Structure formats: structure tokens, C-alpha cells
Amino acid sequence: MLLSFLLAVPVITALVIMFLPRERTTWPRWVALTGTVMTLIISCRILLGYDLGAAGFQLGEARELLPALGIKYAVAVDGMGLVMIILTAVIIFCGVLASWEVQERPQEFFAFLLVLVTGVFGVFMARDLFLFFLFYELAVLPMYLLIGIWGTGAKEYSAMKLTIYLMAGSALMLVGILALYFGGGGYGHSFLLDDIARQSFSRNFQAIVFPVLFLGFGILAGFWPFHTWSPDGHASAPTAVSMLHAGVLMKLGAFGIIRLGLELLPAGAQMWAPYLVVFTLINIVYGALVAMAQTDLKYVVAYSSVSHMGIVLLGICALHPVALNGAVLQMFSHGIMTGLFFALVGMIYGRTHTRDIREMGGLGRRTPYLALAFIIAGLVSLGLPGFSGFIAEILVFIGAFKVYPWLTIIAVTGILFTAIYILRVVQKIFFGPEKDKFENLKDANLMEKACLAILMLILLGVGVYPAMLVNIINTSVTSMAAVWGGTP
Amino acid sequence: MSISLTHYLVLSTVLFALGLYGVFTRRNAVALLLAVELIMLAVALNFTAGAQFWGKPGGLIFAIFIITIAAAEAAVGLALVIAIYRNQKDVDLDRLTILRW
Amino acid sequence: MATIIGFYLLALLAIGAGIMLVNSRNLLHALLGLAVASLAVAGLMLGLRAEFLALVLVLIYVGAVVVLGVFAVMLTGHFEKSVLPPSNELKILGGGTALALLVLVTGVILIQPLPPDAVPAQVPIQKLGVLLMTDYVLPFELVSVLLLAVLVGAIVIARGKED
Amino acid sequence: MIAHVWLVPALPLLAAILVSAAGQRSARLAGSITTGAVFFSLIMALNVLAGLISTPGVEQVSMVWLRSAGNLSMELGMLVDPLSVIMLVIVCFISLMVQIYSLGYMAGDKGITRYFSFMSFFTFSMLGLVLANNLITLYMFWELVGLSSYLLIGFWYHKPEAADAAKKAFIVTRFGDLGFLIGILVLAYFLNTFNILEVGEAVKDGRLTGQWSTIVALLIFAGAAGKSAQFPLHVWLPDAMEGPTPVSALIHAATMVAAGVFLVARLFPVFAASETALMIIAYLGGFTALLAATVACVQNDIKRILAYSTMSQLGYMMMALGCRDYIAGMFHLTTHAVFKALLFLAAGSVIHAIHTNDIRQMGGLGPRLKITAATMLVAALALSGIPPFSGFFSKDAILMGIWAAGRMDLLMVGIVTAFLTTFYVFRLWIVVFAGHPAEKKRQAHESPWIMAIPLMVLALLALSLGWLGENFRHFISASWGAPQVGEAPHHRLIPMFAFLASLAGFGWAYLVYFKKTISARLLARRFAGTYKLLERKYYIDEIYIFLVRQGMFVFSRGLAWFDRYVVDGMVNRVGEFFRLAGKGTRLLQVGRLQAYLLAFFLGLVVIMVSVLMTHPEIMEIIKSK
């Protein structure tokens, strides 16, 4: 029942928030905080309840939903899903902390946020494709309102672009899901992943369906050249939404590729991976180079996400257990890191009222805590050992190198470019002489400190002792690697 | 030769087509509604004939329902016409294009 | 023989009234057309030995719908200058479509071998009542709810705002 | 013995965490805490050293750090052998000296807790680096060392130059680290192990075939070159002098920059497998040594002169390693660590006294700063290789190693560099301490004792360390991976030549800057082109800046444009297409219900007709019914 609880808590919290008296503007955030703390606790409980020795899918629940169509309510977690669930719980908790000061329609804001999170949780645990799709849409749609109403800048444009783009992805994904549903034939029509996994799809079928699914999910994962929704979307979104979006939603895409693409269509993956790898390299290097030329802080972080998601996709496309391990770890690491980044950008913007890097400078003296957190986020981003980013990246590189040595070398150069733009931004914002207009800036308050500290500690903890996550991820990767069989 | 079911069906089809023509072409809302009533009439006739020739009284029940619904429709439709007339001082359908945005 | 002549007479009457209904530029003539058509169809129903239905038809169509129509005509100001605008430019297209549909459906009716004609027999009114209260009780109740809704709705819509 | 080695790096880490956690509250105590921690580390390191001297051996201990599906495991581990223990002692010792010195030098600075926690963190990373027994651990500490260097160079982050220098140092070394990382990947690809001992065995067994051993060696050397500021990745080191002077002494003179040399020594079997790689290392080292020495001759910033000197000496060590003279290289690393740290600390003492880096504004400080002048003289003599100072022994060992390897051209480079080295270091010393004191510098006074004591301790060592040569040689040759060599190569004439070259350098400096028999200004005017070239450091910085600005940044801006207007433009065009299509189809919506209804029925008719046309058998079905 734990998993159902996890799904129920945010929904119930959202409902409670909607029924709060409208004039009590501070109540929603406290209720939201309570709800997210509960999700955090439940997800920790799930973590403890997961038996590493047994591996596979655990804590499963299944009920008939629409037997006529073979639709079930079936949820369960495996190692990969578990890690993602924890990531989500952490990010939403910190996201609520980071949006403590939301003044405009706080009720709706927090309610939408929680609905979104429900969708995300659902995707990570769904064992039924219909359910998967349902939750996926649930996760994407509130984004439109969250950006369109609470955003900044060209928010309507960004929200529209993002939603339509992601809907296009969902459409492809739906095609893929329906193909899986009808394609096998052998077991009758069932959306249940276990049923689908038991069918052996023909090579031709896999060759056609895999790219459709990959593209559908790839759009959400920021796959080049379908990434342009993300910088605009991130730039316009409010802080918590950026955090959730870059931190968790983009991971949904990568997760979907692994769950549906790699697990169900291994032959298709093997056929297409060598071509897709090239695009992931473009993602990595191109994202980093474009980030270098940005002047808006949010765009820098957004393009850095594109670059880092490239590493995730590279890890996936390498079809090598080590690289896949790294990819999932990178999903986690990048989720936390980019959450930290966007939280910081929000805090900096809240103080300086500008996101233009050129206008900042010397903030380090007045806001040492923010500077520390930003530098740490930057260090994770550029893959400094001791933080989680390093271990994720090196796993991806080691694995990918065994499959595509030459291409991986190109990917590795990406981390140099990352170092360049990260250090450049750090220097421009925090170093150098202090500007007069920033004389009265205040450092992080308690809530902000808590939010930042949690994220930083996780990054550090995973970096120092990655085995705690890698062991969990291993359980999924091992079974997947067995499916590929012959891959080196 | 006697009058068969076919005769009734053809007749009701003719009445239906006439009503349809009216619905397509009338520019006055009241006239349009009257054409709709004609369609309903045709259908009621159709059902009655079918029920009687096949000996299935269920069709008669349906005919009753159709007549009832026709009356209801007429009531609501004409109420709408009056409401529109009050707003626009006109019930010319060519000028009633608020559906177009 | 008499039934045959009666049928054709009534059928022609209904069609003629229908044409008047859809073509007349005078609303009152159109209303008259509806009334005549209803009466003709009621006559046909009598021929089908569905007397109850004929009765209901006359009551509702002629008694209620046509009267309602007269009210509507009066209220929308077409009573005095009840000359309708000519029918719109969809005349040919609409006529064509209606005709095509007529031809197609009639064609199907004509080709289809219908079962041998049973002689229409009168259905006792009690039987209809029993059917309504047993087999068709659900639609019956639904229609009654619908009627209630229409009652309320028509009043609300027609009454307009209080001002 | 090995059981407690982990405490050596752990103590400074603990101190760093403690100090930074306590924050500003520990401002007074910060220095004492970290200094105390490194003091105990030193004691333990010495203890390990003593143990290793009595019972030589190579020991390693590892723990699994993470295990991944796909047959990969990463370990954290330590390798204790003479090489790592020597480095351990050097790092602890220099760090202790520098931190004691810093207690005086940094007193009153606002960021003092930050300073000491960074210093302690650096010490931890450096100790971890030298202890690492596998490449992943090594790489991790390698990067952490780079991070501490970044943080400490940028310690005065509000100075734009310092911030720039920090960024530059990190990025340039990272460029080298990229090669290192790729090298690790290649090793993992072929050998599937990261353990240095296993890698060494595998390479020795020839499991790295063909060109791969050269490629791997050169890739790893790229990392070493970045850290050790070898051409062409040397540009960051002079700029790194923007950091506080004790930082320069510890990181950019004695320890971190030597990490590159250490890396080559640590992985010596990998390098030894490829003659080509060794040759490239030797020549690059020689080239760097000469290049840096020439530039050092004309610089005016006291710390930059020393920075170029460091580069030059590191080039020396690389040369030695490239000529397979492992022992001489490590010996020079040891002595250099001591006397270069001393030079920097003494320079810091001068800067502390008169608050400028420019030697042209100094002069005649000798009588005022007696201890500083004396200790710096010792260091200068050691650097010049004047017997009996330590530098003499180690430098001669290197030259003889080069001679033994038969590379006469490099021998010439070494001797010329020795000449230049003596020249620039005495130019520095004479200009700063001798001559007539500049008027306004009369108030300069000697640094407090807390700064003077480390100077004196280091001076004592700089003087005496050379006599340990034979013992050192004996001890370190037991290291893992040290090449087997017999007797030390010996040549009677080479020390003579080197000595004469040094003497000539001294004489030249004496004539130009003390006696002023030859006008420095005249020389500069006479050889204006050369002078300008040297002063601008061969324009290497300018070339890099050009490449970065005109190359990478322009390219990146171009890509950003491409992304905005082509990739995203395409997306927007698609959006516009649909908007236009919508506008077009909107015209069909006349808004008249009748038309819609008509369309509906028309559609019905069309469908019925088309179905009947294409499937005439439907007629049959209807008929048969």
C-alpha cells in the first residue's frame, strides 16, 4: 500500500489546499510543506522496504480498472524507479521551501504543484502502460498553468511552446504505446508491462516502434534538436517549477526511454543506438557551448541541463550496463543539482531583480551562503569528484567508452566546456568588486538555507558514498543487461 | 394491390427529406423549427407503420416518446427564439452568426 | 380500394402541406402547413389502426406545437408583416442533399425485401399502458424528467432577465 | 604500519570541516586548529617513514567504493611505499611551515577561517593524492587539489585579477585533466582495472599493445603537464600568483605543481613502456625549463619571477624522468619543495614589509630585513646549485642522469638553464636586498617571529638536505615501479660545467645589477625585440586569449545564434504554419448552424455513395435480407 499512499498524499494535500479559506494566504504553504514532508517520509519508507537482495519489482499492487481493455491499476518499484521517486520527493520538498514567498494565488500554485508531482510519482511506479501515459500527461499539463500564470517574461509564449512541444512528444509516445499494446498479439491485448515484456516483438516491429518511442520521450528529455522548449520554459517558469521541471520532468523522458525503449524493445535499441549516440554527443557539446554564450542566468542553467541530459542519453544509448548505471545516477545527480541551481537563480533574482549576468558582480561578499551553494552546484555540474556528478559522469564515460571509444572522447571534452561556462558565471556573479546597488542584499534566510543545505548535502553524500544509490540502481540495470544478452 | 409497409416508409422518407430541406434553407428561426417538427412527424409515422406492420407495440411506444420530445423541443426551441428575439430584435439566422469568432 | 385511395390522398395532402411548410414565405401559411401535415399523418395512423397515436398526434401537434408556433410568430413580430425573407443561398445545395438522401434511402427501402405484410391490428390501449409501466418504464421516467426540465428551461429562457 | 596511514590525510580534513563548520566564530582558533592537525599528520608521516626505513616494502590497502553491473568496481585505496611516504612527509612538512607562517602573514584578514579551512582541505587532498593506489582515487584527489588551488588563488575574490587567475588556473589544468581522464578510460577499456599496481603489471606484460602504450602515457602526461605547468599548459601558473603568498609557496611552488612530476613517477612503468612518450616528456620538460628561465630573467613582479622559476625547475624534473632518472627527479622534487617554498615565504615576508610586488620599487632592504635576506640568500644559492646547498646535489643528479641517457642536447639545455637560473635569482636578490634603500622604504621592518621561524627552519633544510643524497637514493629506489638502476651515473666534468655556468650567471647578475658595470636598461634597449618578446612571455597568453575569444567564444556565440534562430526558428515556423493554417480554415467556419448541418448531411451522402460505389456487394446483402 505504500506506493498508493505515495500517490494519494499529494492529491489529498492539493484538495485540502483548495478548500482552505481564501483569506489565509500563508496556510497553503504550510499544508503543502506538510504534504511534501509526508511524501518524503513515505518515499524513505519505500526505500527501506525495498529488498536489495531480491531486486526486481517490489511493493507491487494491482487492481482491475477496465478489464475490457486490459487496463489495470498496477504499480511497483524497481531500483531505478525507487531512485527517481526519492529524487522527486526531495525536489518537491525543496521546491515548496523555495516557493515560500509566492504571493499570487498560493492555493492554486501549490495545488498544481502537488498534482504535477502526483503524475511524476505515478510514472515512476506505473506497471501498466495506460496508467503510465495517464500519469505522464498529469505531470505535463499543470506545467502550462504554472508557467502561464506564475511565470515571468514571455510566459504565455513559453508555456504554450512547452506544452505543445511536450504534447507532440506525448502523441508519438501514445503511438508507441498503442503499438506495444496491439503489436504483440500473443497475450491478448494488455497494457500490463509484464505481459508486454513477455512478448517477443519482431525485429521489424522494434525497428519502427523504438525510434517513435525514443523521440516521444526524447523531446521531454531535451534531445537535440528538440530541446528548444526547455530554455524558454525554464526561463519563464517560477522557481519551484523550474526546479521540478529540470530536476524531475526531464528525467521522465529518460526514464521512459529506459523503461519502454530499452526494456521492451532491446533489438530496436541496438539497431538505432549507434545513430542516436551522435545526437547525444551534439547534446553534450552543443549544450555546453551554447550555455557559454548566454547572458541570462536561467538560460545558462537551462542549456547546462541540455548538456547534462545529453550525458544521460549517451549513457542510455551506449547500451552498456556501466553506462546505464551512470545514466540513472546522472538523472538523480542532475536532478538534485539543477534543483539547487534553479533554487539559487530564483533567490538571486529575488534579491537583485535581474537575471542578466553582466549586471551582477561581487555578490559573494553580501551573500556568502548563496555563493557557497552556487559554487557547489557549479562544481557538481562540472563533474568535480566528491560530488555526485563526477561519479555519474565517469560511469557513463567508462561504459560508453567501451562501446564507442572515439565518440566518447568528444563527449568528454564537454566537461571542459562545462567548466568554462560554470566558472565564468560564478566569477561574474559572485567575484569581482562589489557593485553599489547590491550593498543591501541579504543572505539566505532560514527556509532558503534549509532548502539549499538539503540539496547540497545529498550531492555531497552521494558523491562521497555513491554505492548507496548505485547498489539500488544496479538491481534494475542487471536485469536489463541480461535482456541485451550479447552486448559487450 | 394493397398499401404495404414500403408505401409508408417512402412517404415518411419524403416528409423527412422535405423537412431537411426546410432546415437547410429557412432563414427564419421559427420556420426552421417548424421544419424540424416536420422531420419528427415523419419519424413518428415511420415508427408507427413499422410497429403496426410487424406487430410490435414497442414501436408505438417510441412514437409516443418522439411526439413528446418533439413537443418538448418545440417548447424549448421557441423559447430560445423568443429569447434571441428579445436580445437581437431579429430572428434572421443569416445574421445570427455569433458562433463564428 | 378505399384504403388505397385514402392513403394516396392523405399522402399527397401531407406532402403538399410539407411543401407549403418549407416553401411558403408567410409564416402563418407555414404553420398551417404543419397543422395540415399533422392531421394528414394522423389520418394515416388511423389507417394503420393506431387510433391512440393518431389522437395523441393531433392533440400535441395541432393542439400544442402549432399553437406554440402561433405564439412565437406573434411574439417575434411576424404577425403583421409575416412575410419571410426568401430562403437562403443554400437552396440548391440543400435541396440537392435532401434529394440525394431521399433517393438513397428510398432506394434501400425499395430494394429491400420486406416481410410479408401482416394486417395492422389495433393494439389495445391498456396494452400500451402496461408496456409503458413495465418494459419501458425507464425511458418513460426519463422523458418525464426531460419534460420537467423543458418546462423549467423554457420558462427561464423565455422570461429573460428581470430588469 | 599501514593501518594508521589514513589518519594522515584524515586529520587535516577533519580540521577543515571543523573550522568551516564553526565559521566566523573560530576566527581566532582556526589557524591553530589546522596547524595543529597538520602537525600531528607530520608526526605520523614521520613515524611511517621511520617504519618504512627500518622495514622497506610496498603495501596497499583498498576498500570497495562502488560496484556496478557490467563487471566494474571502483576502489578507494592507499599505496604505501617510499615514494608516497616521501611525498607525505614533504607535503605535511611544507604545509606545516606555511601554515605557521600564515598565522602571521594572514593575521587580520577577514576571511581567515576560510583561508585556513581551504589550506587544510588542500593538505588533505594532496595527501590523499600521493597515497592513492588506484587511478580513480588518484583522479579524484587530483581534481580536489585543483579545486583547492582554485579556491585559494581566488581567495581575494573581490580582486578581478584574482578571480580571473583562479578561473584560468582551473580551466587550463582541467584541459590537461581531460587527457588524464581519457587516459584512464583507455586503460579501463584495455585492462579493466584502475589499480596502479595491476596496471603496471599489465603494461609490463605487454597487454597494452602497439601505439596504445604511447597514447596512454601521453594522455596521462597531459594531466601531469597541466598540473606541473609544462608548456603549453603553463600559462596559469604565473597568474596564480594573485593568491596569497603562502598559498603560492605551498601549492604553486612546493606541492601541487609537483603533483605532475609525482604522477609520472607514480605511473612510471606505464611511461617506461613507451620510449616515444619518455622522449616527448624529456624534451617538453627541457623546453619548458629553458622557456621559463628566459622569461624569468626580465620579469619585475617578485612572485612571477619565482613562478617562472618553479616552471623551469619542474621542467628539470620532467627532463630527469624523461631520461628514466626517476631518483634524481624525485630528489630534485624534494629539495626544490624546500627551497622554493622558502623563496616564496621570504618573498612574502618582503611583500608583507613593503606592500608591493614590484622589485623595481624595492632595493636596499637587506639591512632592514636581515633574517629574510639571509634565508632568501640560502634559498637562492640552493636554487642556483652552488655547493654545498641542497640544489647542487639534486641538480647535478639530474644533469648526470641526462648525460647517462645520452641526450647531449638536453644536457646543454640543462646547463644553459642553470646559468639563467642563477642569473635571475640573483638579479632578484640583489635588486631587492642590496644597493641603496629607496627613500620611502626605510620604514620597512622585519616580519614577526612566527613568520621568521619557518623561514629559518626551511633555510636550515635547504642548506643540509643535499647531504642525504645517497640515503635518499637508497630509500626511494625501493618504491613500487622505480626503474632498476645500478650505481648512480657519475661524471667528473658535468658538475664542474654546471657550477661554472652558475658562477657565470651569478657574475653576470653581479655586474649588471650590483656593480651596474653594464646597464640593464641599455641591454634592454639594445635587444629590444628579444626583451619585448620575453617580457610578453613569448605572447603565449595573447595567442591563447585570441584562440579563446576569437575561436571558442565566437563559435559559441554562433551556435547560440544558430540555436535561437535556426533550431528554435524552425520550431516557431512550425508553430506559425499551424497558426496560418488555423486562420485559413477559420474562414470555413461561417458560424451558421444550417451550413454545418448541411455539411454533415452532405458528408453522410458522400460516404454512403462512396461506400456503395466501392463495395457493390452491400447491395446484395441488403437484397438478401
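First chain written, first letter: the chains are A, B, C and D, and each begins at residue 1.
As a working rule, contacts are C-beta pairs under 8 Å (C-beta built on N, C-alpha and C of every residue); 3 or more make two chains touch, one makes a residue touch a chain.
Being a predicted model, the structure only gives us computed values, none of them experimental.
What is the identifier of the chain with the smallest separation between its Cα mean and the overall Cα mean?
Minimum centroid-to-centroid distance belongs to A.
Go ahead and note the Å separation of the Cα centroids belonging to subunit A and subunit C.
Here the centre of subunit C sits 63 Å away from the centre of subunit A.
When the centre of a chain is set as the mean of its C-alpha atoms, what distance in Å lies between subunit C and subunit D?
97
Distance between subunit A and subunit B based on Cα centroids, please, to the nearest Å.
Their C-alpha centroids are separated by 58 Å.
Could you state the distance in Å from the CA-based centre of subunit B to that of subunit C?
Inter-chain centre distance comes to 6 Å.
Two or more other chains touching the same residue: where does that happen in subunit D?
594, 598, 601
So which bits of subunit A are touching at least two other chains?
none
What are the residue numbers in subunit C that touch two or more other chains?
Only 88, 90, 93-94, 97-98, 101 qualify.
By the touch definition up top, name every chain pair that qualifies.
Taking the chains two at a time, the touching pairs are A-D, B-C, B-D, C-D.
Once bound in the complex, which stretches of subunit B touch subunit C?
1-11, 13-22, 24-31, 33-35, 37-38, 41, 44-45, 48-49, 51-55, 57-58, 60-61, 63-65, 67-72, 74-76, 78-83, 85-86, 91-94
Going by the contact rule set out above, which residues of subunit C touch subunit B in the complex?
Touch residues, subunit C against subunit B: 3-4, 7, 11, 14-15, 18-19, 21-22, 27, 30-31, 33-34, 37-38, 41, 44-45, 47-50, 52-53, 56-57, 60-61, 64-65, 68-69, 71-73, 75-78, 84-88, 90-91, 93-95, 97-99, 101-102, 105-106, 109-110, 114-115, 117-118, 120-121, 123, 127-128, 131-132, 135-136, 139, 143, 146-147, 150-151, 153-155, 157-158, 160.
Applying the document's contact rule, which stretches of subunit D touch subunit A when the two form their complex?
Where subunit D meets subunit A, its residues are 64-70, 72, 136, 139-141, 143-144, 147, 150, 154, 157-160, 162-164, 166-167, 170-171, 174-175, 178, 181-182, 185-186, 188-189, 552-553, 555-557, 559-560, 563, 567-568, 570-571, 575.
Inside the complex, what are the residues of subunit D that reach subunit C?
594-595, 598, 601-602, 604-605, 608-609, 619, 622-623, 625
What part of subunit C is in contact with subunit D in the complex they form?
On the subunit C side, the touching residues are 88, 90, 93-94, 97-98, 100-101, 104, 108, 111-113.
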